[in-house]
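Two complexes come next, and they have one chain in common, chain A, joined by chain B in the first and chain C in the second.
So, the complex of A and B:
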């Protein structure tokens, strides 16, 4: 679906990527690591300084009608609605601008506006909406189109929990329909919930591209296991763990999941004592951004 | 696709009208306010001129012909070129990217999404009124050739000003703020063009003929009927090419625009 060959642009350095059709990809990285630039390149808003980009086998830069129709992009800094018109007017224009069949579009819009719950605000102007509501309607403007590629910059900005869940659900639905979705976000929860692949950018370089499990292994291998036990204190000396803390009947164990798996830790404790409860915590995704940064700074 | 474009422009237009007719009084007042505002300045000039017989051989009705051409062309101009007049804002707030993302011509979208029909009624109405008054007072005999000439001269006049807007709009891609340039090269020239060009300093005459060719919007087309003595200072040919200057100028501005869109994408602005 998306192919980048040694793309250079602004902060981005030598991006080589291949994103297959039907994937949901999360782009993460610190501020000014090039997330938005990357999405803008794919949307054809920017021309690469060198290298090639293909979206659905076409160069997104050429004003190719077919490509533009099949791409739906939403950028945090690009206003969507006109302040003069109401939300419904904007949606009415979409099938004409994109040459869509009115009945299909209406069906899709109905389901999207119900899911994101902005149907009742359709007759208001954008200036009368709260930030969260506006965001829902803005997300509606891309998902009401049956695109092959969705590019979304900071999708959950200002969304409440219901809005976020509705968004995840729609993304999953688009994925089932065979669309590719690329999401750039600071919010790791969003990424974790929908993405099946991660692009980790650090200062314009792709330091990781792969699935979340792999990212955990490579950048954030430290897991924590909280066990409440009953009976005698388990012997932990045989386990390859970083540290542990015992507090009455609770043990907190920190270990590198590349060296020892959670399963092994639990099985070991079980062999010594009885377990009342177990809670395993993986490190937050955002830690991977810090790790990537630290690695690059220390060479 | 052709059919589609017509449908889309009709939809854009319909929406502009509908949103404005939600506030009917507001819409009517808008047209009226524009009309009154512009008419006031004409009335001031009218009474000033009653003190003199003429300016450089031009009487008040001949000057009204100059004004009428400015207003008629401007009336049509803001139907089609408001989007370009306000393009600086579009670039600065990021909405321009929104236009790029759509599978439609950029200029097409800028033109039809921003047409200012109500101000157009005010300006155009005043222009037609002045034109009728002055032509009647001057006793112009309308031959088919003259009618045809004026139709093309008005279209040409719209295109000249459209080209100036397009050129200044394009500069927004390179510069952050072009309102000052617009003030100098458009609005000031427009003010000058209400008077017979021959009264100004040679440098201004040069600018109005060759740099920002406002003289082709109204001065030379007016001379086509009036044939005043001051026309002797310019080549006769200017009168005949007036309707075509707009087309050439617009083509040049369009090429500059196309080139700059490429630059916009590489600079990211």
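So, the complex of A and C:
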């Protein structure tokens, strides 16, 4: 669906990527790591300084009508609605501009506006909406039509938990219908629920491209296990762990998941003593952004 | 696909215009006041004279009525592009599968048709009733006048189109648009009929696009010029539209290039 061959643009350096059809890809990275630039390149709003980009086998810069119809993009900083008109006026234009059948479009719009819960704001102007409501309506503008590629910049900005969940649900639905969705966000937690793959950008370079498990192993391998035990103190000397702390009947163990799995840790403790409760905590995915930065700074 | 989206844009702009009623009535009032002032000034200049340089007072009146009424419906939004560049929504527009220029023209035409029906016609009727003007020189002249007026709008639109493209390089195009509009007002004959310009000056103005906007249709209406000159007027209008549009289009291509290279 998306192919990048050694693309250079602004902060982005030598991007080589291939995103297959039907994937949900999260683009994460610190501020000014090139997330929006990457999406704008795919939308054809920017021209690479060198390298090639193909979206659905076409150069997005060519802006041919077919490509434009198959792509739906939403950028955080670009206003969507005309301040002088109602939200509904904007939506009414979409089927005309894209040549969609009115009844099909209305059905889809109804389900999307119900899911994102902006239906009751349809007759207001954008200036009358709160930030979160505007964001919901803006997300509605791209999901109310069928596209092969969705490009979304910071979708969860201003969304509450309900909004986020509705958004995930719609993204999953689009994926089931065979669409490719690329989401850029600085907040990892927003993405991990839906993304199959992660692109981690650091100062314009792709430092990681793969699934979330892999990202954990590479950048944030440290897991923590909290065990409440009953009976005698387990012997942890033979486990390859970083550190542990004992507090009455509780043990907190920190270990590198590349060296020892959580299963091994628990089985080992079980072999020594009885367990009352177990809680395993993986490190926050956002930590990977920090790790990536630290790795690049220390060479 | 085809024309449908553009018709929808035109219809939308037509309808949204009708929402601003006060603006609309004030517009008619504005046209009438200006008309009245201009006609009165020339009346007092003429005094008791029948004609000046072969131009009668009724010809002057007719010139004002026609050009001011045409001006009232020749709607062009000079800031269509610049407002979109300034707030960044140009990126949203670029992603739509319709031509930006087509959309711009359709929006302007929708407004123009609204103003033609609800502004031009009432203003013209009021003017004929209260001030009075000459009838067209003949049925043929009247038809040619309408054709020439449509091309006149084309010229006016192309001038605005070309100047709007400067928005890619300038943050504020207001000053340039104001200068452009002063040129149009003074050199198109809607303020000072071009008959009264010095010979050398009207010669120069004839070679600018400004004379093609209002003055050519008025000349045709009054039957002041012969068949050969009428033909020349049409040629000039068409050539100007083409020249301005080509320059505008080249600037547009350059501007777009700038946008995708430098980013918005």
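By our rule, the second predicted complex is superposed on the first by the 299 of 299 C-alpha atoms of A that agree within 3 Å, B and C clash if a C-alpha of one lies under 4 Å from a C-alpha of the other, contacts with A are read in each partner's own complex, and residues count from 1 in each chain.
The rule we apply is simple: contacts are C-beta pairs under 8 Å (C-beta built on N, C-alpha and C of every residue); 3 or more make two chains touch, one makes a residue touch a chain.
All values reported here derive from a predicted model rather than from experimental measurement.
Novice: If chain A is used to align the two complexes, do chain B and chain C fit next to each other or clash?
Specialist: Result for chain B and chain C: clash.
Novice: A:196 in the overlay: touching chain B, chain C, both, or neither? Say first, second, both or neither.
Specialist: neither
Novice: Where does A:284 make contact in the superposed view: on chain B (first), on chain C (second), on both, or on neither?
Specialist: neither
Novice: With the two complexes superposed on chain A, say which partner A:235 touches: chain B (first), chain C (second), both, or neither.
Specialist: neither
Novice: Examine A:104 and indicate which partner it touches, taking first as chain B and second as chain C; both and neither are also allowed.
Specialist: neither
Novice: Where on chain A do chain B and chain C both make contact?
Specialist: In chain A, residues 10, 37, 40, 43-47, 61, 63, 65, 68-69, 71, 73, 75, 77-80, 82, 84-85, 89, 93, 96-99 are touched by chain B and also by chain C.
Novice: Along chain B, where are the residues that touch chain A in the complex?
Specialist: Touching chain A from chain B are residues 4, 7-8, 11-12, 15, 18-19, 93-95, 97-98, 100-104, 113, 262, 265-266, 268.
Novice: So in the complex, the part of chain C that touches chain A is made up of which residues?
Specialist: It is residues 1, 4-5, 8-9, 12, 16, 87-89, 91-92, 94-98, 257, 259-261, 263-264 of chain C that touch chain A.
Novice: Which stretch or stretches of chain A touch chain B in the complex?
Specialist: 10, 37, 40, 43-47, 49, 61, 63, 65, 68-69, 71, 73, 75, 77-80, 82, 84-86, 89, 92-93, 96-99
Novice: Show which residues of chain A lie in contact with chain C when the two form their complex.
Specialist: Chain A residues touching chain C: 10, 37, 40, 43-47, 61, 63, 65, 68-69, 71, 73, 75, 77-80, 82, 84-85, 89, 93, 96-99.
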